[in-house]
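Labels run A, B, C, D and E following the written order; every chain starts at residue 1.
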């Protein structure tokens, strides 16, 4: 479903992605993990082309776009590709001039041209799923961090994208809610939605990801099945990174 | 103020309001100096009063308002003597006479008299009372900001005629001898302009009248008149 | 009845009539057209191809840089020399539209770029095209900041239409001048004209306020970004 | 040498001299003063006590709502009737300052409220007082959006100073009209005046552009908020 | 050091805090936990008065301010109180027109009037502590989420506040970094900085908090020593909330 080849991305002089390959099969769930500044968000944004790679090939579904320095991109192809993806941003990016429910309806009304009633019904249903039906008419400015994040998730899910990209989808959620949202995402995964998520929450990654990619300094250090990466990582660096979780988890677990 | 004249004498200056953009009456010559018929008359009057003339230049709209605001003592700017103005201000005896002329394009043979203006477009500066004349003749008014614009309208065919005074027209023809406009008719009665001052200063009006008489008597007036018009324009 | 009041009452009719006939239609038409031109110009400068953007910059530079009066003069008295003879009202309309377009394009450009880039991205991420993102997401947010400066331009325009008098459009201020020419009471007539302008702009000020309140209510989005 | 060119060259001296003597000082002084008034007015409307804010609203309403020409007239010809006799230049300066103040206050108000509330909070949270937060955090961010509309006002002002002629200030445009009076060449002289105005505003446009580039470079903060 | 009594806060008709008491001794570290929308952020913002309580008393250090509906607040007292506190915001709120190092220097220069050299040295030192010395001259817009959060932490620490308020201080950090930042915070705590943090990261809470307050729907459900809350919570609701962590932790831990 997703096939990235030799993606390079620089901001000015600063190379941020240094030749990344990524394959996600239809219905696959891939977690991007790695230290801060490693390029997770940038890679994610390269998938739906909010960031244009300096070079490399991006393929999502039927759409395949090749990038080379100095070559123009076909805007129609970009739009085509984007229409198959939904995204949850690290800082939510709700539309501040619309209520929660209007945020969720926006894509249905404007892009898919659904009638208002139907869009509203679906939006309410999604808000209910993330536990926010009671805040449907609230403005984003009056929502707590976790509430904003859940609206953002509902908004991304509304047009039933084939591919869902999530940048830290549970960063503002308490463990309980995080559990619920993870359940929603896991169910989507089961229903066949392809998912890529950048996350620090290794437990989330462990729970719903089939594959894990460990990204550091713009390079893939290790990639493989989730169970394999978590249970027997092959690279020393991965072992070290994963161990922080284990230690902390153990410490907390042990205490309880 | 009854002591208007006294104040002027003690200050040693007669402050005169004028436009400074109305050739040949009040304008600036190539060197930038304020000159013109009205300006020189003003200087001559001040001379006779035994004071210096000081000119303040402003737009027509503000000229008479400046009189009310006591920014100057008199306005000398081709202010026509009319009943309406007399109700609010005092005038000296007239110091110049001019006649309204009807100006049309050279190739226009349709309009020959003021009466022919009926139903025609006449370009009129809003600062003059020629507009009223045009209106009374049945013309449709096209308002402009000045004589030069009225002529432009005439030349571009947006107006059929304009009424102005014969002296301004002569000045214009002197500057632009090639302009394709002509006088179609001249009004029989002359219009008179005077020095206008605030009410309640009979001594000042009298002194100005005396000064006018004096400059006419000693030939000063004749010299000025000849200089600007090549004729005596007092009647 | 004092003289000034009587004069004011007598002149009210002609002034209002001139306002209704010329000032108001000229203002409304040229603002509507000018705003369209301004939006287009702003979008070209922000997103258009370089050569087109350069042309727009030139347009804004010329129009903002020269007096409106001179522009009107050139359109009305100058164009005939190259064979274009416009009537006064269309000439004024063109002049004012070009002016409003140049000034508002700068405002619109500024407020569009004040909308966080992330809002464009959010719009794209749910599948919107560029025009959709602009219309549904960016412009509504930009509008809030744009209203006061745009209404500056609008309210200035109401009064600038008086310059149309210079090219023979008998609008409100010219009507006042005509009466001044026979009554010699510029102060009284001008104050009266000013009061009528004030009434017109008050309507606009009230609209501005309503609009601001409505846009602010939309989630008081000052906080939203906080 | 064609007639028009000769006329232009001959008039250049007087026009430039009038510009240097009156137009430029009047523009610079009244913009500087007006911007101060505008900032104060904007702050009062946003943060001041209600009654004071109401006074400011009244001020903005009156000034924006009435023609600048009439305001100048009232200051110059009207005030003497209550015993205040101002010279032409100070009268013009007051008129223009009040005008710039009213228009810029609306712009400043809009751009200040376009800065996210969270930025105020962040400033407070590190111990800043209100004036510090305003000066160090909010105004620098507001400036970016404010520059184009403020420069609209500035550039308009350059040309509006021509109205000072009505109250006997012999500025640039008046100098042109003086020459028109004897040459009957309004088009040529007005175009020449327009070119000088264009030169003056071009300086401002270039400054605007520099300022915009500098403010944009500061973190291109479009993205920062994204 | 901090003493909140009977804090009530409503937004319009919506009561968000319904009589909250909170005592944090000098050098104490208190974690606010609880479900999304429970009022954690609001309570935190009531401590440094970014949000004014509808009623109740706020006491920080020597400053004590009482709130009653309709009563005016003394602005000087508010400033005095704020000067003792630093805050890390849930969404960072870096100053976008200043570079990373300038963000950290800002309080030192503007509020404490330090000379530029000294402020710069301290700022670099702090950025180094959070692993960002190499990004000192970057604009916030070019920083990754975790990088922005670390700059925000450095900025809050710069003026050495007596009280540090943190709203999800590790939400954008990977476990490794989170560990490092927690270490920095823990060291501060040891050095006597009083700390209150709203967090979903129960492991963080467990590790450095002395006391834990469990907040739900604007009310304190349970409060006490961290060990007590995590080991033997007395309220059924708390048990349930904590258990999500345990289960997930166990699941992850078990897998490894």
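Assume a residue touches a chain if its C-beta (ideal position, glycine included) is under 8 Å from a C-beta of that chain, and two chains touch if they have at least 3 such contacts.
The chain list, named the UniProt way, goes like this: A, E = Amino acid ABC transporter ATP-binding protein; C, D = Amino acid ABC transporter permease.
Worth saying up front: this structure is predicted, and the values here are computed from it rather than measured.
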| item | value |
| --- | --- |
| Chain separated most widely from chain A, comparing mean CA positions | B |
| Far-end chain from chain C, centres as C-alpha averages | E |
| Winner on C-beta contact pairs when B-D is weighed against B-C | B-D |
| Distance from the mean Cα position of chain E to that of chain C, given in whole angstrom | 49 |
| Separation of chain B from chain C, taking each centre as the mean of its C-alpha atoms, in whole Å | 38 |
| Separation of chain A from chain E, taking each centre as the mean of its C-alpha atoms, in whole Å | 27 |
| Whole-Å gap between the CA centroids of chain A and chain C | 46 |
| Residues of chain C touching at least two other chains | 77, 118-119, 121, 186-187, 190, 222-223, 225-226 |
| Residues within chain A bordering two or more other chains | 91, 93, 142 |
| Touching two or more other chains - residues of chain B | 61-62, 65, 68, 149, 152 |
| Residue numbers on chain D that touch chain B, as the complex places them | 10, 14, 73, 76-78, 80-81, 85, 165-168, 170, 174, 177-187 |
| Chain A residues touching chain C - in the complex, by the definition given at the top | 48, 50, 79, 82-83, 85-87, 89, 91, 93-99, 106-107, 110-112, 139-142, 155-156, 158-159 |
| Residue ranges of chain B in contact with chain D within the complex | 20-24, 27-30, 32, 56-59, 61-62, 65-66, 68-71, 147-149, 151-152, 172, 175-176 |
| Complex contacts: residues of chain B adjacent to chain C | 61-62, 64-65, 68, 84-85, 88-89, 123, 126-129, 131-132, 141-145, 149, 152-153, 156-158 |
| Of all residues in chain A, those that touch chain E in their complex | 11, 33-37, 40-42, 90-91, 142-147, 150, 167-168, 171-179, 200, 202-203, 206-207, 227, 230-231, 240-242, 244-246, 248-253, 255-256 |
